[in-house]
Amino acid sequence: ACGTDDPTTGNTGDTGAKDMGTITLGFVPSWTDGLSTAYLLDNQLTEMGYTVKMETISEAALIYQAVTTGDVDMYPSAWPEVTHASYMEKYGEKIDDLGTYYDNAKLTWAVPEYMDINSIEELKGMGDTFDGKIIGIEPSAGLTEASQDRVLPQYELGDEFEVVTSSTTAMLAELKKATSTEAPIVVTLWRPFWANAEFPVKDLEDPKGALGEAEGLHFLGTKGFADEFPEAAEWIGQLKLDDDQYGSLEDMVVNEYGDGKEKEAVSAWIEKNPDVLPALTS
Amino acid sequence: MDFPRIPIGDWVATGIDWLTINADFFFDFLSTIMKFLVEGLSDVLIAVPWPVMVLVLAALGWVLRSVRFAALSLVGFLLIVGMNQWDNAMLTLSMVLIATLLAVIVAIPLGIAAAQSDSVSAAVKPILDFMQTMPAFVYLIPAVTFFSIGVVPGLFSTIIFALPPGVRMTELGIRGVAEETVEAGQAFGAKRSEILFGIQLPLAVPTIMAGINQVIMLALSMAVIAGIVGADGLGKEVVSSISTLNLAKGVEAGLSVVFLAIFLDRFTGALGDKKARGKSSLLALARKARSSEPVTAA
Amino acid sequence: MDFPRIPIGDWVATGIDWLTINADFFFDFLSTIMKFLVEGLSDVLIAVPWPVMVLVLAALGWVLRSVRFAALSLVGFLLIVGMNQWDNAMLTLSMVLIATLLAVIVAIPLGIAAAQSDSVSAAVKPILDFMQTMPAFVYLIPAVTFFSIGVVPGLFSTIIFALPPGVRMTELGIRGVAEETVEAGQAFGAKRSEILFGIQLPLAVPTIMAGINQVIMLALSMAVIAGIVGADGLGKEVVSSISTLNLAKGVEAGLSVVFLAIFLDRFTGALGDKKARGKSSLLALARKARSSEPVTAA
Amino acid sequence: MAAINAEGLYKVFGKRPKRGVAELERGKTREDLQKQGLTAAVIDASFTVDPGEIFVVMGLSGSGKSTLIRMINGLFEPTAGTVTIADQLITDVSPEKLRAVRREKISMVFQHFALLPHRTVGENAAYGLQIQGLNKADREKAANKALDEVGLGGWGGHLPGQLSGGMQQRVGLARALAAGTDIMLMDEAFSALDPLIRRGMQDQLIELQQRLEKTILFITHDLNEAMRLGDRIAMMRDGRIEQIGTAEQILNEPKNNYVASFIQDVDRTRVLTAANVMEPAQGVIGAGSGPQTAHKVMREGQHNWILVQNRDRTPAGILWEPDVAEAVRTGRKDLPWSPVHEMPTVAQDTSLADLFAVSAQHLNPIVVLDENGRTVGVIPRVTLLAAAANNGQGADMPESWGSPDSPLNDGESMADSATPDVPHVMEGAK
Amino acid sequence: MAAINAEGLYKVFGKRPKRGVAELERGKTREDLQKQGLTAAVIDASFTVDPGEIFVVMGLSGSGKSTLIRMINGLFEPTAGTVTIADQLITDVSPEKLRAVRREKISMVFQHFALLPHRTVGENAAYGLQIQGLNKADREKAANKALDEVGLGGWGGHLPGQLSGGMQQRVGLARALAAGTDIMLMDEAFSALDPLIRRGMQDQLIELQQRLEKTILFITHDLNEAMRLGDRIAMMRDGRIEQIGTAEQILNEPKNNYVASFIQDVDRTRVLTAANVMEPAQGVIGAGSGPQTAHKVMREGQHNWILVQNRDRTPAGILWEPDVAEAVRTGRKDLPWSPVHEMPTVAQDTSLADLFAVSAQHLNPIVVLDENGRTVGVIPRVTLLAAAANNGQGADMPESWGSPDSPLNDGESMADSATPDVPHVMEGAK
């Protein structure tokens, strides 16, 4: 773990019992599953006496890289089973899987509810309607890889469509704009993600399973994480959230409180859901 | 440390939001034009079979510079092809060319105005400074809110970022025309417009071309960044290579950018500066052949 | 269109991989030093309470330029504080300063060598061209494989990107010293080293300082990009603002970059160019007071 | 009618220049103004250039020559004062009017040629006419004619950059000539040239001027050039015109030490002419007179020689005292003169250098004639020697060499020194 | 011992310059080489500068002057030929040796001063000594002395930029003086200066040179400057030295038309001196002789006047024919001369301009004396007039003015024209 005091995040452990070391969490800020979980961990690990440092990185690949070198101790909310399978292939050896906290994560393609198509198959021949664009997210996202390398070829959409990458937020901006004018749009999405509830969208069916099955959201730690932070590892291993619990956490962090008030959001959520979290071991 | 929070960011964001809503039609209009131009050009460039295109570009290099330059260009372009980046390079090229075109259309009149009037110059200068020091990334944000993602916001930010040297060098070029030459015009009673079009602009051409050369270079550097907002081409390759830490892809796209940059730099350099034209440039040879009478003695 | 695939990217990737493994100790060593320097400096800069720091910087501006510059700097810095970007600005500043320092340590001897020998110059020039046209993004990839994420890979790519003008302007400065002045040294029998240190380098100072000024500007622009690989500071704010399309945050971090850039530019500009020092600079005033005897008449 | 008239011209650079003029008028010096950040480039300059005249302005670098010439064609607006070109006021007029005067009345030849490098020599020469709106064919014809005039026929198709400096300067001249204006302004037009080429250009300019009767305002900081070209010369110093006069006036009556030290190096033998040094013949008789009359005139005037004139005032010859005395003694009836071809005659504008050559071959005083061959004066040898000496006034000669009682110093007029150079006469004069 | 000796120096710029030398030796021209991309800047230059001499190299721009001077102190290596400085070969020697010669033997004054702008005037003046390794106190002393010498005492603490051009040039001079070398090279050292300042610098240089006995190699393209400064002058053209000689030799015997046209504008009255125009007195008698002897000498030589000399060859006076004839007639025993103070005497280096002044006040021929007051020649008036005329040879004079049978044209030597200027004598000569 590294030593710069990130002025915007982190907690210098003012609960002060004992100094148990610094844990650096790396996540992509626009992927709200990681964001929410990171702040939940921050709250709890600090309570346990750790110093927690947040490293926001805008590219998933960099987080994997950083976890292997130990510059980031943990990537909360990784998608290693399907979505990030290629990263795991490359970096897996140097990564310890610390457990799965949620197991119904899923990649999707979605259209607004006012569109009358329901399956990815129906997109064939509609390239003009959508201007040939599938609005994607970060180029490094597993979702992008799945969309480009599996969905497009398997449904033979490659000639008509391309996955336009930029950022999650750009995608959301597009979605917002399109839904407000009832314009046609296809976006790449995933669950759990607050946008599914925020915007009038429906998932398209994926009869070929090109986007993969439901998978688990994992905590990935740097090699030897459990040896260095045994209490933390143990507690993390016990954390499990169901759809409702996770959904309310994300809603609280992203929508109710919003940018800059993540800590308060997590505190509030813990107050409302006192029994969900495993007991603190410290 | 309780200095009052100054929410400049919010003000700007509000302003941009207001614009997004109220000038929507205008942005749509711009967007349509820019898209039409870039896609039109890139369609053409890609439609031409690469061997033809490579030969044409190398031949242009020969006309304006030298055999050596043509040969080096040929090698560079073949490497681009060999690295499988030809189509991306053409996409980037069309974006750079259109960005340059639009930037120049704005920059030259602005530069002329600044050269003619000290107050315009004084007003324009800090804005240009600002445009160039503001990190290019930041432009991407309003560009995306105005124009959605894709090539248009990339083009838009590229133009803003690449504009300043065009204005500056036009001003510099015109102001740099030897005082005596302008006075020659005045002394013979020429009108301002006669002096501008008959003396200042023609003589400022090398400097203006140097400015356009810089515009192109900046546009190219920005074209890479434009990949972030989804503009296709070498930039997107570079951006996605970093986000997937794919060094091989990054290097190949990056090298393609380098070759393209060097070609464009030397090529446009030769357009403005006749001295840069080697003795073996076709133009120089042709000129020599034409004026066969001896000129040396006086 | 079946041109053979030339896997340059793979070759380079293989080379970099080999280096990563075999020169590991070296990169670790570099990494330790760079980290130490940047973090040491940024700790100091952040530890100083901002009102003190702002006043010190403004005072420096007064010493070297003018009251007006000091006042404008003060406003700029207060705005940075007001936009809640002070700490980020200090992080960026320390990275820029260390990058500049290291770049200059490499660039000046290289520039001197290039000025003294035409063949060194000819060898160095295309490398520098390459270093500057290669999209800065691409450097980030090997930088990350060498140094992982954080400030060090950012610093490393910044140095590579910002180095060229330091070398070029040193060479230019030395070569630009009036031939006659150097000949004066030769004519009186001075040795090469006496000419270098007694004549060429002192007279090249303004040009070298202009080069350093450019190094700083490039380092600052690269510091923004370094945010991508996790170097803290304004760059990271800008990068994350674009990935969250948070215009307000982007504008505030971007404006902070602008203010910092303008301050550094004008400040280092004044270091090299005495003419840039206004009449109200403290240095100029002091000098005037000292040499009170009339100098005008001759 | 004056071609150019300047009245009380001031040019002050800096903020609020009018204030500077007021202070100068109140007696403040240039240096006083400098301290306030004002540069007084031209101070109270007034002069008139007549049509067909070459008027030279000279002075050291920074003395305000360029500023002055720029005010004449309105490139600079005077801070105070007026300029009239061919009786048209050009100060405080509309830009359109000013442009019209520039198009039609004045053209300029620039120090560094100021050719348009992107246009051919022919197009450059035609530039003034193009601005005047002449059609292409006509202006090409005029340009070619002007190029022929300056010896550049056939070069019209080249670009200026392909020509040598001297040729480029001639293109500048051709451009001004082609414009067809009566007045030409030339700002150090030749100072960028090598000495040999320069001399050629000066000759060419004088020749052109005489042929085409242009009015020329010429600026230079080269004294010999000024003396060579100028009908009149204005000497400038620190913004002020110190003296205006012909070359001879400036040489012989420098108004102050500055002008005097400036002209110290001038080659007087090239600048002074017969007209400058000649004097009236003291003793003159008609051609019909006899030896007795001659003798009487000589006696009365104590002349050693006298000039014999025909009725139309052409010279008939010179008579010397010994010959006349002899003739009287022997009772000759006709005048005992040296044959006419022994009497050297020169035109008024013969230079001193040429007079030396003549004088070295002849023993008689030189007779100076006007265009009609009539006598206007004579130049005895001693006068010639005195004129060539550094100072016209004998009183300034080095004491160490001369005797105080030499014949020149006896208070009589110069003319009286026209005694032939024989010792016994000198002794008689004592 | 020669201070500087150059033997067959060539400098060719371009690729494989030696080849160019070979071709030049084989008779190819400079233009032939130019076509091959070679510039022959200096071609076969040989000359020797004696210690204590001011040797001036002059020629138009591009004639190779700077290249030549740069080879003399090794800034350029000659393509062929050798340079010796104080009998030490400096071509083809080790850089260390070359530097030693530069440190100890030669210093240079540059056209554009080439001062070190970041050092004070004092430090600049001390630069040569600093390089020589002198300690600070000593070199400051020497520098201050040199600055005093050029009239800049007290300015040591200023930066060069604070000084006017003329002062900066003097700092350059002081730097060269302080270095204490015997030889000074000056490349157009004064051409950046205003005419007035320039003349002052020239005076100063001559004065310094005479006081300190430096050997000076001076480059200029200004003919008057060359004539003024140079003991000898080398005229360069297109890389070749066309002629080497004293100012008078070049003026009076220009080797070819180029040199002749170059010197056409020179003010002869300033360049020529008494020594150039004087001639031996034709009739001379001892001071102890009587009128009879004088009369005899005059008769035999057909002289109108004779010079009377004392035993130590100092002049005693001039005797004129009428006086001598009178004395013989009246039987006077002593010589009937014009008193000594009536006999003008001048030193050999008196300029023509000054001779005019003398001659205008005196009727006698001027007697020219050496440093010891001994007669070396005489200058009758007519000789003076002839010398000042454009061409020394009477044959070139304009026919139209002169009579073909004028006394100067009768085939006799110039000296014989020393007839006093009276008509009857002229008639007698016919």
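Just so it is clear, A, B, C, D and E label the chains in written order, and each chain counts residues from 1 on its own.
Simple rule for what comes next: a contact is a pair of C-beta atoms (placed from the backbone, for glycine too) under 8 Å apart; a residue touches a chain by one contact, two chains touch by 3 or more.
Please read all numbers here as calculations on a predicted model, not as lab measurements.
Colleague: For chain A and chain E, which third chains touch each of them?
Modeller: A chain counts here if it touches both chain A and chain E, which gives C.
Colleague: Among the chains, which has its CA centre at the largest distance from chain E's?
Modeller: Farthest chain from chain E, going by C-alpha centroids: A.
Colleague: Counting C-beta pairs in contact, which chain pair has more, A-C or A-B?
Modeller: Contact tally favours A-C.
Colleague: Can you compute the centre-to-centre distance for chain A and chain C, using the mean CA position of each chain? Integer Å is fine.
Modeller: The computed centroid separation for chain A versus chain C comes out at 37 Å.
Colleague: With centres defined as the mean C-alpha position, give me the chain A-chain B separation in Å.
Modeller: A distance of 39 Å separates the two centres.
Colleague: Cα centroid separation between chain B and chain C, in whole Å?
Modeller: Centres of chain B and chain C (C-alpha means) sit 25 Å apart.
Colleague: Compute the distance, rounded to whole Å, between the mean C-alpha positions of chain B and chain E.
Modeller: One centre to the other, that is 64 Å.
Colleague: Where in chain A do residues touch two or more other chains at once?
Modeller: Within chain A, residues 58-59, 62, 65, 138, 167, 170, 173 contact more than one other chain.
Colleague: What are the residues of chain B that contact at least two other chains?
Modeller: If we look for residues of chain B contacting two or more partner chains, we find 144-145, 228, 239, 242, 245.
Colleague: Among all the chains shown, which pairs meet the touch rule set out at the top?
Modeller: According to the stated criterion, the contacting chain pairs are A-B, A-C, B-C, B-D, C-E, D-E.
Colleague: Sort out for me which residues of chain B touch chain D in the complex.
Modeller: Per the stated touch rule, the residues are 178, 180-181, 183-191, 194, 198-199, 202-203, 295, 298.
Colleague: In their complex, what parts of chain C are in touch with chain A?
Modeller: 39, 42, 46, 87-88, 91, 144-145, 148-151, 228-230, 232, 236, 239-240, 242-246
Colleague: Could you please specify the touching residues of chain B with respect to chain C in the complex?
Modeller: 1, 3-10, 12-13, 16, 49-51, 78-79, 81-84, 129-130, 133-135, 137-138, 140-142, 144-145, 217, 221, 224, 228, 235, 238-239, 241-242, 245-255, 257-258, 261-262, 265
Colleague: What residues of chain E sit close enough to touch chain C in their complex?
Modeller: 70, 73, 75, 99-104, 106-108, 110-118, 127-128, 131-132, 158, 162-164, 166-167, 175, 179, 185
Colleague: Along chain A, where are the residues that touch chain C in the complex?
Modeller: So the residues of chain A touching chain C come out as 2-7, 28-30, 55-59, 62, 65-66, 69, 71-72, 138, 167-170, 172-173, 259.
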